[in-house]
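Have a look at these structures, which come just after this line.
Across the two complexes that follow, subunit A remains constant while its partner is subunit B and subsequently subunit C.
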Partner chain A sequence: MSLTAEEAKLLKAISVPNSDAAKIVRNFDWIVVVVLLFAVTAAFHIHFMLTAGDWDFWVDWKDRMYWVTLTPMILVIIPAALSYPLMHKLGLPIAGTVCGLCLVIGEWVSRISGFHLWAYFPYSLVWPAIVLPGLMLMDLFYMLFRNVFLASVFGGGAVAMAFAPANWPILAPYHVPVVHIEQLVNVADVIGYSFTRTATPEYLRFIERGTLRTFGGESTLVSTFFSAFVCMILFYMWWRIGQFLSNLGTIPNQLKTFVGLEADKDEAK
Partner chain B sequence: MTRLYIKVVMMLVLFSVAGLALAHGERNQEPFLRMKTLHWYDIKWSIENDSTVQVNEEVTMSGKVHFFSRWPEQINMPDTVFLANATPGPVFVRVGTWLNDVPMIQSTGVEVGRVYDFKVVLKARIPGRHHVHPMFNVESAGGLVGPGIWMNIAGDANDFLYGVETRTGIVIEDLETYGVENVVKWHAFWAILAVLWLAWWVRRPLLINRFLWVKDNNWSALITRTDMMVGGILLVFIITVLIVANQITEKTYPRTVPLQGGKVEVQYVPNPEEGLVEVKNHTSEYYLPGRTITIDATITNNTGKVIQIGEFMSSNLRFVNKKLPIAMAGVDEGYPAELVPNKGLILSDDSPIQPGESRRLRMEATDVAWETERLSSLLNDPDSSYGALIFFFDEEGNRYTSEIYGQILPTFFDK
Partner chain C sequence: MAAIEEEVLASQAAKPFKMNLKPMAVGLVILSIIFFTARWYQQWAAWEYGLDATNPDFDTYWMSVFWAQIIIEPIIFVALVGYLWLTRDKHLNNLTPRLELERLMLWLSCLVVYGFAFYFAGSIFAEGDASWHQTVVRDTSFTPSHIFVFYLCMPVYIIIGFSLFTYAITRIPFFAEKISIPLILVVCGPFMLLPTVGYNEWGHAFWLMEEYFTVPLHWGFVFFGWSIIALGGLLLQVMGYLVELLGKVTDEQGKLIK
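Right, the complex of A and B next:
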């Protein structure tokens, strides 16, 4: 695809440093960046809260099996879909980083205002998981390979492979054993038990209830590899969906004539 | 602007007429869940109703809970239950819970038709006036709450301290803040790294320029060798940080255990006196204009002793036979007054029931509580039946409990 004469003229004008055109375009960049940050935060945060939900809300749901398996799969969806337009339409390998950062901002706003100040839950119970390293690795692999297949294998896989290692430094202190009212539990269990969630009893926790029998107790490792495999497929699927949606084009705006404007003629091309 | 004013006024009107929602919505629960599942009795609180405790002070709730034999078919049997407290969130910290003296951090299974002793110890955390109940979460049924009282917490929430000592010797002084600094530190580290990576790209023209360059077939020129080099360094840096951080963590916390998800076994304590008095329901009516449930039943005394009816109890409502002093003595002064109807239990025949005797009589339980507790809505249930416990007392003060169950026939108006 090549530029039209008008587009070439525009590109020439905005490529002149410090020109009015360049300044206008830069201001436009900032407006879009701010709007995009809010939009991605809202979309990715609600997607993550509805799907990862309790696994991310509570320290005593962050187990070695379901949390480690499911969270990366949920994480990779929107960044993979956004990777196509950002990388292929703009040459920006930042989809995962933008999504991860927006999610972290949204989560902390929610944890501080909703969980802590409004509902009195301590931060030790409700801290969100670390998601950025895996999503950043996804961007970096994509940029280095510039190939969607390799990006799926290495980038998609990295979202899962980095998840448990990124979180273990903050989770480990909560997995230290404690004997509380004569029962062996860990610190996370005690925190979850002590700070009452009236409608979330112990049995509702969707956590590992027994080790994966034939893997020598290595739940985290097995869960991580399985999750990475699924993430590779998900990355590719959602990258394709992003590609499809980005290339849909537009349809003529029939309403323009109602407000006295000339009808669109060629937007569907 | 006028519309805005109207909206504000309407909002203020709404706030002024709306009642405060202070309790836990227990009245909203279907009557069958409250009448035919758990029956709580002998409930004791370590403090009086509406009295005040200081932040960090402990309070105890204890008593008995009976799991009804005719457990509703539409919910799971109580094979997975969790003893808890119904409070407005973590305003109290749950220090310990015991069922028949077995610690109940985990869930357990119970048998229907059995009675269990429970105890819940709480520690005051957030100042305010709170409604506090004992509660069982039952899988598929949700939270089933016992009678609640008001507790006031005074003091400063910042003074609250709740700690534990780990099995590895770490003394955690405050569970609220334990590990939080580390969490924030790591989140900040990764966020800063992400911001730096974004800044690397955002410092250059972002949208229109790049879009046009891509359209002009210059996509590959948008990512420079420097970008690739910086990206490669960042990739290696991230992987290195992950490896090193995990190695340090393993050394710092060599002994960890996964989240504990086992189930606890609780044996019921056999109660030889239970069921010695047989109660057979013939007809039960709810007289809507008078808020009265009338039960026509035959009572057979197999205890070998002379007994009298002391109390009819369902859904935490206690209709006590006021003519029987020992039954009245069972109602503590601090027990929530709204759950002990004034008129009590009226019997068609008050005389003692002799050993071996079968007597047919009528019991009347009248109170507006049938409406205010929203129990009369059981008439709208597909299975409009009730369940209750009846307490009998012999002359020596021994208590016998029996279940009663039957369909409710409505009487909507005076004939």
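Right, the complex of A and C next:
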């Protein structure tokens, strides 16, 4: 990608230490960083909580089928779309990492403020899933390959492949079997039974089906591979959507004569 | 001779560029006070007076807050957007590049305030809504959670968003000459979350009283939340514009030209 004359001139100007141009550009950078952090946290968090939220809110929803399958699919969408402006246009392989970090911060603030301090649930019930490793791998693969197709296959797939392993160390103790009222359940179920979610009826609460428990660890593996397959497709689709949304351009302003600008020639006719 | 030369050079030097961060700082302080007070009020009054909508205390402590918001917010919206339109620059064709740059940087700093407001709406108060409604059975659309997330947080960022849009098309030639579609999406997408509340409440009232957060009824919020992806497009547009402006106001050594 070659630079225009204006860009080359500016690049030279901002390379001069402490020049006015360098200071202005640095100010611009800081503003963009802060805007992005707030906006990405809000947008990614609302997207995530309304599409995979219940699995993420509650430890007894963190099953080996839907949680493992769905969460990476939802996770890959916005980072893939933002990969277009950030990596393809600006050369910054950070979309996944920034999104993951913003999501984790947003989730922890709300789990403490809303779920723990306001609704009085213990942290052991409401901790958010660990999402950063897969999203960082996504960035890494995009940086290495610099090719959207390969980034979709390896980077998109990595979001799903890393999800269950990244969460296993924290989730494993909750899957220890317990006998509760003569029924075999696990620790996560018992915590769920103890803290009733009055407005969420029992029939909506996810409890693993018996078949999943007789399959040993395979259900997690099968879910992970299926999720990785869908994530590969989703990464490419959403990268294209990011491309579309980043190149929308402009439309004529019918009101510009009110601010002293000349009307477009077509309109004047 | 050398002293005279220095004086001449000093008189020719442009005033140093200083960003005006006051509006951003004032905005962040005001919003912090509003949102933290709202969150404190929830903690204080939600369990005590917010569980039963038929209780007179609910009217006293919650519906009064709701009505105050509904009256005050449109007034602030009209006042801010109207002020920005009425005091618009009517000679944008004569604007100096230096002033153009100052206005652009001021506008960008105010985007921080917009992002801050959107964060409270989309993250803290939105997920707080999940914690409340999955715990407490709803008997009204105007719950202690909704009164702040839908009727405080959302209107606040909508007011800021539309004010920033009006500022851009009335004071910054780049946005006044042609309207940026990513900018429209960044402002109007989050705005559409508020009309989506109508659909959401309608659905909850008539067919879905129980609560799980990933229910398709909530996906309208997700769809319009995606519009923030256009922020990337806006960033690219503004970067191109900044390159153009800096070329006009600085020399090859990066010094400001008078």
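By definition in this document, the second predicted complex is superposed on the first by the 236 of 269 C-alpha atoms of A that agree within 3 Å, B and C clash if a C-alpha of one lies under 4 Å from a C-alpha of the other, contacts with A are read in each partner's own complex, and residues count from 1 in each chain.
In the analysis below, contacts are C-beta pairs under 8 Å (C-beta built on N, C-alpha and C of every residue); 3 or more make two chains touch, one makes a residue touch a chain.
Quick caveat, the model's predicted, so the values are computed rather than measured.
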First, second, both or neither for A:242, with subunit B first and subunit C second: second
First, second, both or neither for A:10, with subunit B first and subunit C second: both
Partner chain in contact with A:113 - subunit B first, subunit C second, else both or neither: second
Contacts of A:150 with subunit B and subunit C, given as first, second, both or neither: neither
Which of subunit B and subunit C A:181 touches, first, second, both or neither: first
Which of subunit B and subunit C A:201 touches, first, second, both or neither: both
Contacts of A:263 with subunit B and subunit C, given as first, second, both or neither: neither
First (subunit B), second (subunit C), both or neither touched by A:165: first
Touched partner set for A:20, first subunit B, second subunit C, both or neither: second
Footprint overlap on subunit A, comparing subunit B with subunit C: 7, 10, 14-15, 22, 25, 28, 32, 89, 119, 121, 197-199, 201, 204
Contact footprint of subunit A on subunit B as seen in their complex: 24, 80-82, 84-98, 103, 105-107, 125-126, 135, 137, 139, 142-143, 162, 164-168, 170, 172, 175-180, 182-183, 186-187, 190-191, 193-195, 197-198, 201-202, 205-217, 219-220, 222-223, 227-228, 231-232, 234-235, 238-239, 241-243, 245-246, 248-250, 252-253, 255-262, 264
Footprint of subunit A on subunit C - complex, ascending: 14, 16-17, 19, 39, 42-43, 46, 88-94, 101, 105, 108-109, 111-112, 114-116, 118-119, 121-124, 126-138, 169-171, 173, 176-182, 185, 210-214, 218-219, 221-222, 225-226, 228-233, 235-236, 242-244, 246-247, 250-256
Subunit C-facing residues of subunit A, complex: 6-7, 9-10, 12-16, 19-25, 27-28, 31-32, 34-43, 45-47, 49-55, 57, 78, 81-82, 84-86, 89, 106-107, 109-111, 113-115, 117-119, 121, 197-201, 204, 241-242, 245-253, 255-256, 258-262
Subunit A residues within the subunit B interface of the complex: 1-3, 7-8, 10-11, 14-15, 22, 25-26, 28-29, 32-33, 60-64, 88-94, 97-98, 100-101, 104, 108, 119-124, 127-128, 130, 132-133, 136-137, 139-141, 143-144, 146, 162, 165-166, 168-170, 172-191, 193-199, 201-205, 207-209, 219
